[in-house]
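Okay, so chain A shows up in both of these, paired with chain B first and chain C after.
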Partner chain A sequence: MPPALTGIVAPSLLAACLALVLAGWASPALAFRIFVSNEKDNTITVLDGTSLAILQTVPVGARPRGIVLSRDGRSLYICTSDADHIEVLDLASLTVTRTLPSNPDPEYMALSHDGRTLYVANEDNSQVSVLDVNRGQITSEIPVGVEPEGMAVSPDDRTALCTSETTSMAHFIDVASHAVTASVLVGTRPRFAVFTKDGARVWVSSEVAGTVAVIDARTHAVLHTITFDLPEVPKNAIQAVGINLTDDGRTAFVDLGPANRVAVIDQATFAVKKYLLVGQRVWHGDFSPDQKFLYTANGISNDMSVIDVDQLEVTQSVPVGQSPWGVVVAP
Partner chain B sequence: MNDAPLGWQLAGQDATTPGAAPARYARCLAGIIRREALRWTNQRGRFVSALVRPLMWLVVFAAGFHFVLGVSITPPYRTYIPYEVYIAPGLAGMIQLFNGMQSSLSMVYDREMGSMRTLMVSPFPRWFLLTAKLLAGVAVSIVQAYIFFAVAWFWDIHPPWTGYLAVLPALVLSGLMLGALGLVLSSFIRQLENFAGVMNFVIFPMFFTSGALYPLWRMQQASQTLYWLAQANPFTHAVELIRFALYDRFNAVSALAVCGYLAVFMAAAIVGYDPGRGFLARRGGGE
Partner chain C sequence: MKGFAAAILLLAVRANAQVPGQSPDWPCAQRLVETLSAGSYWTGPVPDHPDWRNDQDLFSLVSELVDRDTPEAQGLAKLGSYADAVPPDQRASRLPALFGALVDQTNDERTPLIQRLEQLGRRQRGMGDTIAAISTRIDAMPPTDPHRDDVVGERDFDVRAFQQTQHTMRYACEVPPAMERRLGVYARALQARLAAK
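And now, the complex of A and B:
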C-alpha cells in the first residue's frame, strides 16, 4: 500500500474501531440484575443481566433456597432453611437488613400481589404460615396436607395454593377465610405451583412422578397431565420442578431436575415442543424483564444456563456459587 | 477431456515469453480449478460420498453418543452441547481431509495417465502449478463443507450466522494444509493401488488421534501419550481452527500450527515434484 494511502486508511480504521468501542460502552450497562441462591455456600450471587458478569457474592444465612422479589423490586426475601427464618436482602446496599420469623426449615414461599403477605410452606408441621411482611409477624397458620412444599397466590390475591409432597395434593386455600376449599390429587411429590397470568389455571409440577398437572382454578378439575418422554434419560431422573410461564400465554418451561433438561411446552395444546440441554439438576428459573431470556439454576454443575426464549436455544451457561437453587431477576 | 497439451493451452500462445503476465497465471489457475470442479461434478459417486460420509457420522454415530458430553463446557462452546454439535466441525475437517487425499489420488492418476507431465512442463513455475492444483482442491472442499453445514443445520447444529462467515478463512487455511499434505503423499505414492495404504496409515490415524471425535481433555484422561500425539497431529489443529471460527472465536495456537504445517508440507511438495530430486528422479526419469 502506498504511504499516502496508508495515511488515510489507518486513521479512519482507528476511528471506526473507537466508534465501535464507544458504542459498546454507551449500551445500557445495568439494565437488570440476576440473583441466584446458592444452597451450599450460603450466598446469593448477583450477576449483571447484560454481561452475565458476577457483580457480587453476598453472604446470607445458612442454606438459602427459595427466593422471592418484593413487589416494589427493592428487596429479596430469602428462605434461609438452616437458619430457620426468612431474610430480607436490601437490593440497593446488598445487605441483609431484616429477618422475618418462620417455622423451622422454610424452603419456599409465595408473595401476595399487593406485596403485604408471604405464604410460607412449613414442611415439618403440615401448615402454611401467613406472614405479614410489614409487621414481621406470623398472623396465622393454615393446616394442609403432609409436607407442604410448593406455594402460589392467584393474581387477584383471593386464592393461595399449596402442594403437599407426601399427600400428593394441591390445596386451594381461600385467603379471606383461610379455609381449604379444594384438594386436588396430582402426581407423586408435587413440588411447585404457578398460576397463569389470567388466573384461570394452575400448573403443578410433580417431582417423583415427573409430570405436570394443569388444573382449572375455578372448577379444580385436572385439565391435562403433561408427561415427558426422554429415551436417553433414565425415567427416575425425569423430575419436574420449576415452571415458568410466558406472559403472552404461549410457552411454558419446565425444569426437569436431574434429567438436565428444560422442557418447552405449548401452553395452549400442552404438547412438549422441545427439550433444552442445560446444566446438571436444573431446579428453578426466572425470565429477564422483557421475557426474552430464561435463566435456570443448575444445582450440581454449579452454574446458571441462559435460554433464548424466541429461538428456544441455550445460549450460555455461567458459573455461580455452590448448589444454585433459585433465580430471581430484578429490573 | 483432452489433457495432453494442458499446460501449454493454459499458458497461452506466447507462454514461452519470459515474465508471463498475471492474466496468464489467472487463466492457468482458472483452468486447473475448472478441471478439478469438472472432475468433482462428473464423478457422482465422489460427490455423493463426500457428503454422505460425514452425514453418516453425524446422524448415526453421533446419535449413539448423544449425551456423552453433557457434563462439561469447553471453549469455544458457551454451554452444554449434545455430541452432534461437538463433532460437526470435526466432520467438516474430515471432508477436507478426504478431499486432500482425493486430490492426492488424482495427482497419482494424472501421473499414470501422463497428463501430469504435460502440466509440469508448462512454462509456469512449479510452485505456481502446485499451488493452483491445491487451490482447486480447496475450493471444492469448501463447497462440500458448506453443503454439509447447510444439511447439519437441520440436525440442530446452529452456530451463529457470523460463524458461517468466520469459518471461511479457517476452511481455506485448513484445506490448504491438508491439500499440501496430499501433494506430499502423492509424490511418494508410486502406483494408484498404493492408495489403500494412505487410507490405512494416514487418513484413519489422523482422524482418530485428533480432537475431531472426542475432546482432548477426555483423551488426556485416558492416555497422556495419545494426548501428545493428538497435540502434534496437524488434523487436530485444523479441526480446532474450524471449530473456534464457527463460533466466532479465533484459536491462535491452532492457526499458527496450521500455518506451520502448511509451510512444511508445501516446501516438501515442491521438493517432491522437483524433476531432479523428487519422485521423477526416484522413478528413473518420470512416468
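And now, the complex of A and C:
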C-alpha cells in the first residue's frame, strides 16, 4: 500500500476496528433480558437488562406465577396456575409456542440441570409430577407429603427436593428410584428450596415460621435455622419466601414477603448482615448474569426492586405489571 | 349437575383449607397480615403520636389521603403540598409522624373490612357444608322420589348464592392489598422528600 494511501486508510481502519472492539465489549452487557411474571394481569413483562426499559408485555395464560429458564436459554417455562398447565414462551419470538401438561393449579417447578425434566409440585394430589420436556408428557408421579409446594433439583440431577406445606417437611427424593430417602422437619409452611452451587447444602424457607433452614444434603441434618429480627415489623409479617444464593458462596438474599425487606445473609456463618427495604410483598428474585444486581418481584407495589449486590443497596424501583410474582434473567 | 355440584364442593373444600397460623375464615388467597405497621414501610424511627386525631387539620388530611375514593395522584399531590409546607427544620420529625398517622388511619379502615371478609368466609364455609349435605340427600333419593326435584332446586339455589358470593369476594379481597399499596406509595413519597432535603 502506497504511503500516501496508508495515511488515509489506516486511521479509518483503526476507527472501524475500534468501533468493532467497543461494540464487542458493549454487547455482552446489553445482551440480557429480565422476565417478570404478573399473576393478576396474566402477562410477562420483558425488560432490557441494561436500561431496565420495558421491551414488551407478553400476554400468557391465566395467573402466571413460577417461571424457569430452559438450560439453552431459548425458552421460558411458565406455571399458568389458573389455566392448569405450563406454557413455553419462545424467547426469540416472545410468543407461547407450546403447552405442557400439569395437574391443576401449578405454582412452582424445578428444572433438571440437563434441561430434560421439570419437577412440578401438585398441591391437590400430594404428588410431584415428573415432566419430560421434549416429549411434553408427565412420565411419572411421585407421592410425597401433604400439599407439596417448593421444588429444587441437586446440581448432579440425582436428588429432587420438595417441601410439604402441611407437614412442614422437606422431602429428599432419589430421582432414579423415585423413593423418598429422607423427610426433614423444618419451619411451618415451607415454601421454597434451593441447593448451593456445590450441592452440599439446601436452603429451605418457611413462610409462616419466618425462618430458613440450612440442611446438609448428604446427612440431611439441619445445620442451622436462620431467624429474622425486625423489631419494628409484626412477627406475622416476616414471611420467608424466595432465596437467591451468590455463586461465590458468600451471600444469600432471602425475600421476606409483607415485611417488605430482603435479608442479606453470610452463607458461611448464617449471620444476617442487613435488611434492605424493597417494594411491597417481595416474593422472588434473580441475579443479573454477572451477579452484580438482584431483581425482586414485589406483589403489592407492582414493581421490581433493583439491589446492588456489592453495595447492598436498593438502587431502583421499576414498575412492571399487576401482582408481579417471579423474576428470571435470560443472558 | 352432579359434576357441577362436585366442583362447587371442591371450592368449599378449598375455602375450608386452613393455612397454619391463620384464621380458617380468611377467604382470600393472600396471607393475612392483620395489622399494618409503619416499620414494614419505613427505614427510620416513626414517632408514636396516638393523639394525632385531635389535630383537626391533620385528621382531615389523613382521612382524605386514606379514603379509597381519593385518586392516588390526588392523594400524592395533597401529601406533597403538606410536606413542602413543613419548615425544613421540622421535616425530620413531622413527616415520619404524618406517616405514622397514615398507618393508624389505614388500620382503622382496613380492620373492619378484614372482619367483614372473615364473616363472608365463615358464611361460605357454612354454605359449602349445606350444599354437601343436600347433595348427599339427593344421591340417596331414588330418581322417582316426588320430592327430588324440589331438593335439587333447593341445592341449585344455594349453589348460585355460593357462586355469587365467591365472585364478590374476589373483588373484596383486592381491597386490603390496595390499601397496603397506597400506604407504600405514600411512604416512598415521604421518604424521597426526606432524602432530598
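Some points to look at:
Convention: the second predicted complex is superposed on the first by the 301 of 331 C-alpha atoms of A that agree within 3 Å, B and C clash if a C-alpha of one lies under 4 Å from a C-alpha of the other, contacts with A are read in each partner's own complex, and residues count from 1 in each chain.
Methods note: contacts are C-beta pairs under 8 Å (C-beta built on N, C-alpha and C of every residue); 3 or more make two chains touch, one makes a residue touch a chain.
If you're wondering where the values come from, they're calculated on a predicted model, not measured in any experiment.
Overlaying the two complexes via chain A brings chain B and chain C into a clash.
When both complexes are overlaid on chain A, the residue A:Asn42 reaches neither chain B nor chain C. In the superposed model, more residues of chain A are touched by C than by the other of chain B and chain C.
By the touch criterion stated above, A:Gln316 is placed in contact with chain B alone, chain C being left untouched. By the document's definition of touching, neither partner reaches A:Thr163: not chain B, not chain C.
In the superposed pair of complexes, A:Pro258 makes contact with chain C only, with no contact to chain B.
Contact with neither chain B nor chain C is seen for A:Ser154 once the two complexes are overlaid on the shared chain.
Judged by the touch definition given at the top, the superposed model places A:Ser70 against neither chain B nor chain C. In the overlay built on the shared chain, the residue A:Ser301 is in contact with chain B and with chain C.
By the touch criterion stated above, A:Pro234 is placed in contact with chain C alone, chain B being left untouched. When the two structures are aligned on the shared chain, A:Val278 is found in touch with chain B, with no touch to chain C. Residues 232-233, 260, 277, 279-280, 301, 317 of chain A touch chain B in one complex and chain C in the other. Chain contact summary for the complex, chain A toward chain B: residues 232-233, 260, 277-280, 301, 303, 305-306, 313-317. Considering their complex, residues 165-166, 168, 188-189, 207-208, 230-234, 236-237, 239, 257-260, 277, 279-281, 300-302, 317 of chain A touch chain C. By the touch rule above, chain B contacts chain A in their complex via residues 66-67, 70-71, 73, 78-82, 158. Chain contact summary for the complex, chain C toward chain A: residues 19-22, 30-31, 33-35, 37-43, 46, 177, 180-181, 184-185, 188.
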